[in-house]
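Before anything else, here is the set of structures, which you'll find just below.
What follows is subunit A paired twice: with subunit B in the first complex and subunit C in the second.
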Partner chain A sequence: MTGKLSAGILASGVFGALAWAVIRLPTPAPGLTDQAFGALDASGVTNPVTAVLLNYRSTDTLLELGVLLLAVVSIWALGRSTGAGFGRPPGPLFAGLLRVLLPLLVLFGGYLLWIGAFAPGGAFQGGALVGGAIVLAVLGGLSPSRFAGRPALLRVGLTAGLVVFASIGLAVMLAGGWFLDYPDGFAKTLILVIEAAATLSIGLTLGCLFIGGEPTADDRSEPSS
Partner chain B sequence: MSAAPATLFLLVGAALFALGIAGVFRESEALRRIIAVNVMGSGVFLFLVAIAARGGGRPDPVPHAMVLTGIVVAVCATAVALALADAAHRSDHDDPDGGTR
Partner chain C sequence: MSAAVIFDALLALLILVLAWRAVTDPLRFRAVVSFVALGLVLAVTWFRLSAPDLALAEAAVGSGLTGALLLAALRRWDERDVDGGESSERGEP
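Right after this comes the complex of A and B.
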């Protein structure tokens, strides 16, 4: 009882301190709006959020892809999954719906990847749709053990985003720049290549996070790689 | 956006964060704690998006990018936490099939 009471007091105190800070926030609000929009012409894209993610602060995004990979490795280290817990699809209508929905989800994932250069969208939004497609497919009866059939291919897909991103970052150093300092005129192409690889990796990673455990064959034999 | 609605969203974000803290310390079940941490995260995301709108005119893209990054990291952290909770649950119940789901 005292624990619950002190949790309430702690939460009230935190809210009070935050509310005090919010009310005392400086006006006019400081920010990086002008710098972010000012350098947009040189960033290779016209969507400022994509410019921040893949140009101004691309190291953040590179490390974020590392976090995604780390999460999959951590979960795989905890056990294997044959998908036995997912059971059967709820009915024949669901399978019929999936036949229409899955291609559309992948198509819109690609569309979001492309539109990210000019409008809200990008690798994470596109990857989320691909990941959602994998989740639906698994719920619809696709056995995760099917992923175990090609273990090397799955690993290439999971690491593609990080590998392509880091390779491009290092390659531009050969051209004389800093790490991830895109040469003039190449920014748009390089960003699109990085985002395409990242979309694939993010989608596969989210799907693997949902499956939980390293996909393994139904007969519980070691996957041959 | 004028300053007043941004302040409202900032306060709601702070309230969500505080509610999440209360949940983390009140609850003893792992699943409830994980959900509480996610409520805290949602509060932070709302706070950052509201911060981006404070300047009036064009929103600041930098906090938006931080929220996008944060959502992905939060999803990963939640997935790892759930897998750990599941592994702990199975080892508590001494499941002979412990290694495989």
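Right after this comes the complex of A and C.
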């Protein structure tokens, strides 16, 4: 009981300190807001969030894609997923719902990817919708081995975001710039290409996280890997 | 103006209540449901703070996918309990 009490006092203290710090934050907030908006014309997109994620601080986003890939690699290292899937679909209506919902989810994922250039949206939100579509499909009876299909293809999809992102970064270096320093006039195209690959990878990654364990095409007969 | 203030105050209160229930509810399933609801309320809060990008990400990832992951974990946990507390090495070749 004393442990709970001291934990409560500690939590209240931390909460109070944080609240005090937040309340005392200066207004208007100092930061890079002006620079971020000032350089928007050169960034290739008009949504400041996307400009930060894919242009000003693109290295951070590149590394985030690496973190997602690492998560899948770590989970796959823990074991394989059973070929049985997640059991019976909840009911006959669910399959009918999925038939309508899955194409819509993928379509809306693509829409969020496209609209991210000038409005809230982007690769992560679009990818999350694709991942949600995979989750629903698995719940509806899609077995992990069917999902894996051709494992090599799945791996290409999982790594596509990181590979495309890094390749473009290196390619602009060959062209004479810094790493991920998009040449003038190409920023929008390059960002869209990177985000498209990232959407695919993020969607597959999130789906794989839900499946848990490496899905294999034929789970008993494969020798290794 | 005051309606907005009341709405924001309700949001803040709801966040605290849902977070509390997500941590303390003795029934795990109800705790997960509280967590998912917390994610949705947080998404609305981000929207109120004029951060729609974060709101989208929170609703999709924080609430939707994390909720699905938690529910899947819960289901495996229950299966393990049914098996008599002994987990079979799932899918090990």
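As a working rule, the second predicted complex is superposed on the first by the 214 of 225 C-alpha atoms of A that agree within 3 Å, B and C clash if a C-alpha of one lies under 4 Å from a C-alpha of the other, contacts with A are read in each partner's own complex, and residues count from 1 in each chain.
Basically, a residue touches a chain if its C-beta (ideal position, glycine included) is under 8 Å from a C-beta of that chain, and two chains touch if they have at least 3 such contacts.
Bear in mind the structure is a predicted one, so any value in this text is a computation, not a measurement.
Novice: If you stack the two complexes on chain A, which partner ends up touching A:135: first (subunit B), second (subunit C), both, or neither?
Specialist: A:135 contacts subunit C only, not subunit B.
Novice: Any idea whether subunit B or subunit C touches more of subunit A?
Specialist: For subunit A, the partner with the higher number of touched residues is B.
Novice: Please indicate which partner A:71 is in contact with in the superposed arrangement: first for subunit B, second for subunit C, both, or neither.
Specialist: first
Novice: Who does A:124 touch here: subunit B (first), subunit C (second), both, or neither?
Specialist: both
Novice: Which partner chains sit in contact with A:80 here, subunit B, subunit C, both or neither? Use first/second/both/neither.
Specialist: A:80: touches subunit B and subunit C.
Novice: Counting only touches as set out at the top, which of subunit B and subunit C does A:212 meet: first, second, both, neither?
Specialist: Touch status of A:212: both partners.
Novice: Using the superposition on chain A described above, determine whether A:22 touches subunit B (first), subunit C (second), both, or neither.
Specialist: After superposition on chain A, A:22 lies in contact with subunit B alone.
Novice: Would you check which partner chain A:49 touches, where first means subunit B only, second means subunit C only, and both and neither mean what they say?
Specialist: The answer is both, since A:49 touches subunit B and subunit C.
Novice: Residue by residue on subunit A, keep only those touching subunit B in one complex and subunit C in the other, then list them.
Specialist: Shared contact residues on subunit A (touching subunit B in one complex, subunit C in the other): 49, 79-82, 122, 124, 206, 209-210, 212-213, 220.
Novice: Where on subunit B does subunit A make contact in their complex?
Specialist: Residue list for subunit B touching subunit A: 3, 7, 10-11, 14-15, 17-19, 21-22, 24-26, 51-52, 54-62, 64-66, 68-69, 71-73, 75-77, 79-80, 82-84, 86-87, 98-101.
Novice: Which subunit C residues qualify as touching subunit A in the complex?
Specialist: Residues 52-53, 55-57, 60-61, 64-65, 68-69, 72, 75, 89-93.
Novice: Which positions of subunit A touch subunit B when the two form their complex?
Specialist: 3-4, 6-8, 10-12, 14-15, 18-19, 22-23, 25, 27-29, 31-33, 36-37, 48-49, 51-53, 56-57, 60-61, 64, 67-68, 70-71, 74-75, 78-82, 84-85, 122, 124, 202, 205-206, 209-210, 212-213, 216, 220
Novice: With touch defined as at the start, can you tell me which subunit A residues reach subunit C in the complex?
Specialist: For subunit A paired with subunit C, touching residues are 47, 49, 79-83, 86, 112, 120-122, 124-125, 128-129, 131-132, 135, 206, 209-210, 212-213, 219-220.
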